[in-house]
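In what comes next, chain A is part of two complexes: it sits with chain B in the first one and with chain C in the second one.
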Partner chain A sequence: MGKRSLHNATTRESFMWGWILILPTVLGLLVLNIYPMLMTVYQSFCKTGDFGRGNVFIGIKNFQKLYLDSSVGQAVINTLKYTLFQVPFSVVIALVLAVMLNRNIRGRSTYRTIFFLPMVVAPAAIAMVWRWLYNSRFGLINNLFNSDINWISNPKLAVYSIAVIGIWSDIGYNMILFLAGLQEVPKDFYEAADLDGASGIQVFRHITVPMISPTLFFVIVTRMIAAMQVFDLIYMIMEKSNPALAKTQSLVYLFYQSSFVERDLGYGSTIVVLLLAIILLLTVIQMIAQKKWVHYN
Partner chain B sequence: MMKKVRTSSGMMHLVLILFSIAMIVPFLWMFLTSFKTITEATQIDPFVFFPEKWNIDAYVNVSKNMNFLVLYKNTILMIALRIVCAVVTASMAGYAFGRLKFRGSEIAFSLVLFQMMIPSQIFIIPQYQMISKMHMTNTIFALVFPGLVSAFGTFLMRQAYKILPKELEEAARLDGLSIGKTFIQIMAPLTKSCVVALSVFTAVFAYKDLMWPMIVNTGKDSLVLASALAKMQGQYSSHFPELMAASLIACIPMIVLYFVFQKQFIQGIATSGGKL
Partner chain C sequence: MKKKVCIVGLLLVLMVSFAFASGSSETADKTSGSSKPLSVMIWDSNQEPGIRAIIDDFTAKTGISAEIQVVNWDNYWTLLSAGAQGGSLPDVFWMHSNESQRYMSNKMLLDVTDRIKKSSAIDLKNYPADIIGLYTDGGKNYALPKDIDTIALWYNKTLFDEAGVAYPDETWTWDDVYTAAKKITKPDGSVYGYVNVNTNNQAGWYNLIYDNNGYVISEDKKTSGMDLPQTIEAMKFMEKLINEDLMPPQHVMSESGDDVLFQSGKVAMTTQGSWMLAAFRDNAYTMANCDVAMLPKNAKTKRRSSIYNGLGWAIAANTKRADDSWKLVEYFCSKEGQLKQAQLGVTMSAYTDTSDAWKNSVPQFNLQAYLNMQDDMVIRPYSKNTVKWENAVLESMLKVWTKEITMEAGCKEAAALMNAILAEE
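After this line comes the complex of A and B, so read on.
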């Protein structure tokens, strides 16, 4: 009897305190995220007047417009180009650097400090300095290498030039995650491989990569989702008059333009629903593909 | 064997140094350009690396045009309030999700996971409409609004509470402490390192964010550093020393913080990223 009522009392107390403690978060998520998400999906089927004034339901008209809008198709291509260039390079370079720094190499913490530096700088400032570096006449890059390349105004090249900035910014971040993952690989694995006379590349391929494949998977998925949402760099680098703008503007850039410059919130919502669909699709593909190469022990 | 090891470590240093240079050069160029005159900055024959005279005209010019004190103030308030909100709400929810068994907790936690999987742009338009309806554009509250609670922080704090030993908690409960007191007095102080990690993450994230501040706060006195940089780029299109000076002023506080609290920064990112 005594035990039973104590148990009941604890259950009731847990229930009460549990809900008191999670209430701010739950309310916040409902108001700030769940309701907005439903509203965005709803508004993608609406013609919205001037900010908030009257939503008129227009069915799939926005989606038809989206389908016929060549700049959206181009933006999807631009975003994918950026992602498929930025993610592999920033991941591979970071992994190689992390493997090097995981050894007892001299100057380890200095290197780490340097690589990580871009992580704490606002992309707005990073974009500003890279735009200056890329300047075709007075920029450091063209003058240093005595070249004459329109890094950010050549429509074929610009999206990759911007991706290079993305790579530069993310190397340190990815590296930190890889270093944390590498800490967990038992040292005797390497010692055994050493005794067997395995070369550095063999060790990398057959021990390091499989052992940290969960971290690798996590980094690739999160970096891909982030890259699909690229905005700051493009917004800061590409002027309205830049001839390469059409070939660089990303989906989120288009979303910003439609929603907050042209003030067409309905169409902006439609674009962001498309982005959500693409990101979910890519994530599902990754989740399926991971079974082939990620080892959880 | 020894020789092989030595050459390979030489190669490694070569690679690491090359990448280090690539990392530093943009910052160095920002610094050097900010002290040049516009003539020096745009001189190509011969190309000028170091300013002949270190002059601070660019800094004087941008300070006349942008009130950096106000920008710093807005940015710091936004960051500080976001940290407080995230740490308080996420600690509470993290403790409940991590240590209490109660009806409805699983459904509530699925909200947290759901929010973390959805790209944040999907929330922006309605969030803006709410701020606009409340007539709260151009306020600090608008800047903090999307960060009033933190799904990611809740997830992080739940992990932190989960791994704490249960003996302490049981002892406190046997002593007759309520769940609320056990949480605040006994358990919360044990999650200090995770709170630091969450604070670092929140600060860096808020400091770097550009789109939200640009949307809600357009008035000159309610900008933050990032959105002010975006705005000034139009005004100073080819005044490179001024642009670099402003960038540097915007970057310096976070860089200094990073050098002082390097360990916390790196640990903060490693824990917050690695356990997601």
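After this line comes the complex of A and C, so read on.
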């Protein structure tokens, strides 16, 4: 078949219609995503005045300040700790649950609904409830188990406590995606494995995981990108006076403080550019690793 | 052909609906005009019912209605500046010394100097000069004073009775606070004598500094006073309370909040601003068990100072309803509006001689204490970039409160950070 040429009337028409129909989305992407992203990168090289007026180009001064800022370095570590704790656990738990809820058991829909519920609850409501649960003196967890653990004010522990909330909220979403992926696995594989006398775990390791590895890859990459941007849980659960804040605040939290509280939008943009670079790097690494373990049919 | 007609029809419908979606609200504006409510934005939900009542009276008089939007303190300035940047500020809103210079110098507030001169209800003589000064730039007024607030010492009578300690009175010094706290604090941590989280500065440890003739920021707003020997000496009192565990641990104060701990009967004493009256009045426990006294004085200097501040009612420079907005602000700050504000127990009004009405609004509390604190008032420390250096100072103080560094080291660090930020202004 030769190269598709635009001289053919019908291909030209369908080409034009294709573009007209995707135009709203493309316009939206350009205006609301691409342009702001480029402006942010530009702003990271500027010192912003009040109310966005008077951008003064100052070259790489913001980046030099970033390099010397110890709270940024700590925030990178905090964000990585959060991501590397939250993503694996939420993926593994969701995968196991999806496999279990893929069988025809009684009340399957009820279970699926229950596990998906955290996704539909407003993040502010989630934060308020968990804040009360985690309160070291008057919270439900410490009073129920008679423990005296400072869940969200112990610098060593707080970031993991926040990650637990993240895991709990994400399980439902991941589970739905895995369930969809599991439907694609042909039943013949399972029947053949059954005939050969494979155990549940062997079936899981050698059939299920490789067959849904595309879905797995998608979930891991997107959840990791989302986890690197954690902000609302930390903002709503930990006050500025919290002793654990320095060891928990994420890069987006620092960006919010810089851009919106201290009104230094130039430096805030610099922090965001750093975050962008880190996420890009992690995603590129994952894309390369994809060739090793993801099986596309 | 049919499919094409359908698709074109759909697109047309979508585009037309977008055009109308934005257009319809504009036409509604033009037709309803003055019956559309003014937008009013505030940050204190405790004050909202009182302000609502005052607005209702205003509407009954003039027929102009207004809607209140409450955005809590942490988000208020973010929202307001986003609105300022986007050109869509509320018509009328609160202004604070932290941010007033920034808004005035960027011409975000309506110049009301001439309106004040022409107004029969507003005479600048009737308001504290310091507060008017907060909202004046280049000789022009940009907001009217709404209220003043002072700081006083709240105490829990029940906890004092249990420990057999006499209630605070006007003879108390900060050393008496220490002695009382020592007696009241229980070793099992169920009750503490005092509470002051590091972030409670205006209503907390700032007052100690000025009592000892130190200062937080110099008069010319160029240098920090946090490393002055008088300041460090004053702050060592807080260090004593922290080190001897007479206050709850920092993580408890942070997770639950000063006022909440006080309202739950976990702490016996706390210094709070007069704006907290509504909260303490509406809480059954504090109404039954607590009362308020003047701040203690400094034993050496005999000084009993109170940080004070006053909010302003400001109008957006680009509001489409300047006259109506001015009428509302004029009413808020007129003698009638200010009296009402005091009677409803909202806050101490800025208008002179309206404080008795506020004092009598909740007779169960000794609110005269707040009025007496007006004898020695220091305006809340501010500059063009208040929030930036205030946050830096609070971060240093956090390390002191968690016993990581000494108070002296913390104060010196805070001063260094503050001076660096002030130099950039």
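Assume the second predicted complex is superposed on the first by the 269 of 297 C-alpha atoms of A that agree within 3 Å, B and C clash if a C-alpha of one lies under 4 Å from a C-alpha of the other, contacts with A are read in each partner's own complex, and residues count from 1 in each chain.
Methods note: contacts are C-beta pairs under 8 Å (C-beta built on N, C-alpha and C of every residue); 3 or more make two chains touch, one makes a residue touch a chain.
Bear in mind that the values here come from a model prediction, so they are computed numbers and not experimental data.
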Simultaneous placement of chain C and chain B on chain A, clash or fit: clash
Which of chain B and chain C A:213 touches, first, second, both or neither: neither
Which of chain B and chain C A:74 touches, first, second, both or neither: neither
Contacts of A:222 with chain B and chain C, given as first, second, both or neither: first
Which superposed partner A:150 touches (first chain B, second chain C, both, neither): second
Partner chain(s) touched by A:102 [first = chain B, second = chain C, both, neither]: neither
Partner chain(s) touched by A:272 [first = chain B, second = chain C, both, neither]: first
First, second, both or neither for A:260, with chain B first and chain C second: both
Comparing the two partners chain B and chain C, which touches a greater set of residues in chain A: B
Touched partner set for A:242, first chain B, second chain C, both or neither: second
Contacts of A:137 with chain B and chain C, given as first, second, both or neither: both
Chain B/chain C common contact set on chain A: 17, 20-21, 51-52, 135, 137-138, 239, 260
Touching residues on chain B, where the partner in the complex is chain A: 8-9, 12-13, 15-16, 19-20, 22-27, 29-30, 33, 41-44, 47, 88-90, 92-93, 95-97, 100-105, 108, 111-112, 114-115, 117-130, 132-133, 145-146, 148-151, 154, 178-180, 183, 204, 207-208, 210-211, 215, 225-227, 229-230, 233, 237, 240, 243-244, 246-248, 250-251, 254-255, 257-259, 262, 265-266, 269-270, 273-274, 276
Chain A contact footprint on chain C (complex, rising order): 7, 11, 77-78, 81, 84-85, 102, 105-106, 108, 197-199, 250-257, 385, 387-388, 391, 394, 398, 401-402
Touch list for chain A against partner chain C, complex: 17, 20-21, 50-53, 131, 135-138, 150, 152-154, 239-244, 257, 260-264
Chain B-touching residues of chain A, taken from the complex the two chains share: 11, 13-15, 17-22, 24-37, 39-40, 43, 51-52, 93, 96-97, 100-101, 103, 105-107, 111-126, 128-130, 132-133, 135, 137-138, 140, 143, 168, 171-173, 176-177, 179-181, 200, 215, 218, 222, 225, 228-229, 231-232, 235-236, 239, 252, 255-256, 259-260, 265, 268-269, 272-273, 275-276, 279, 283
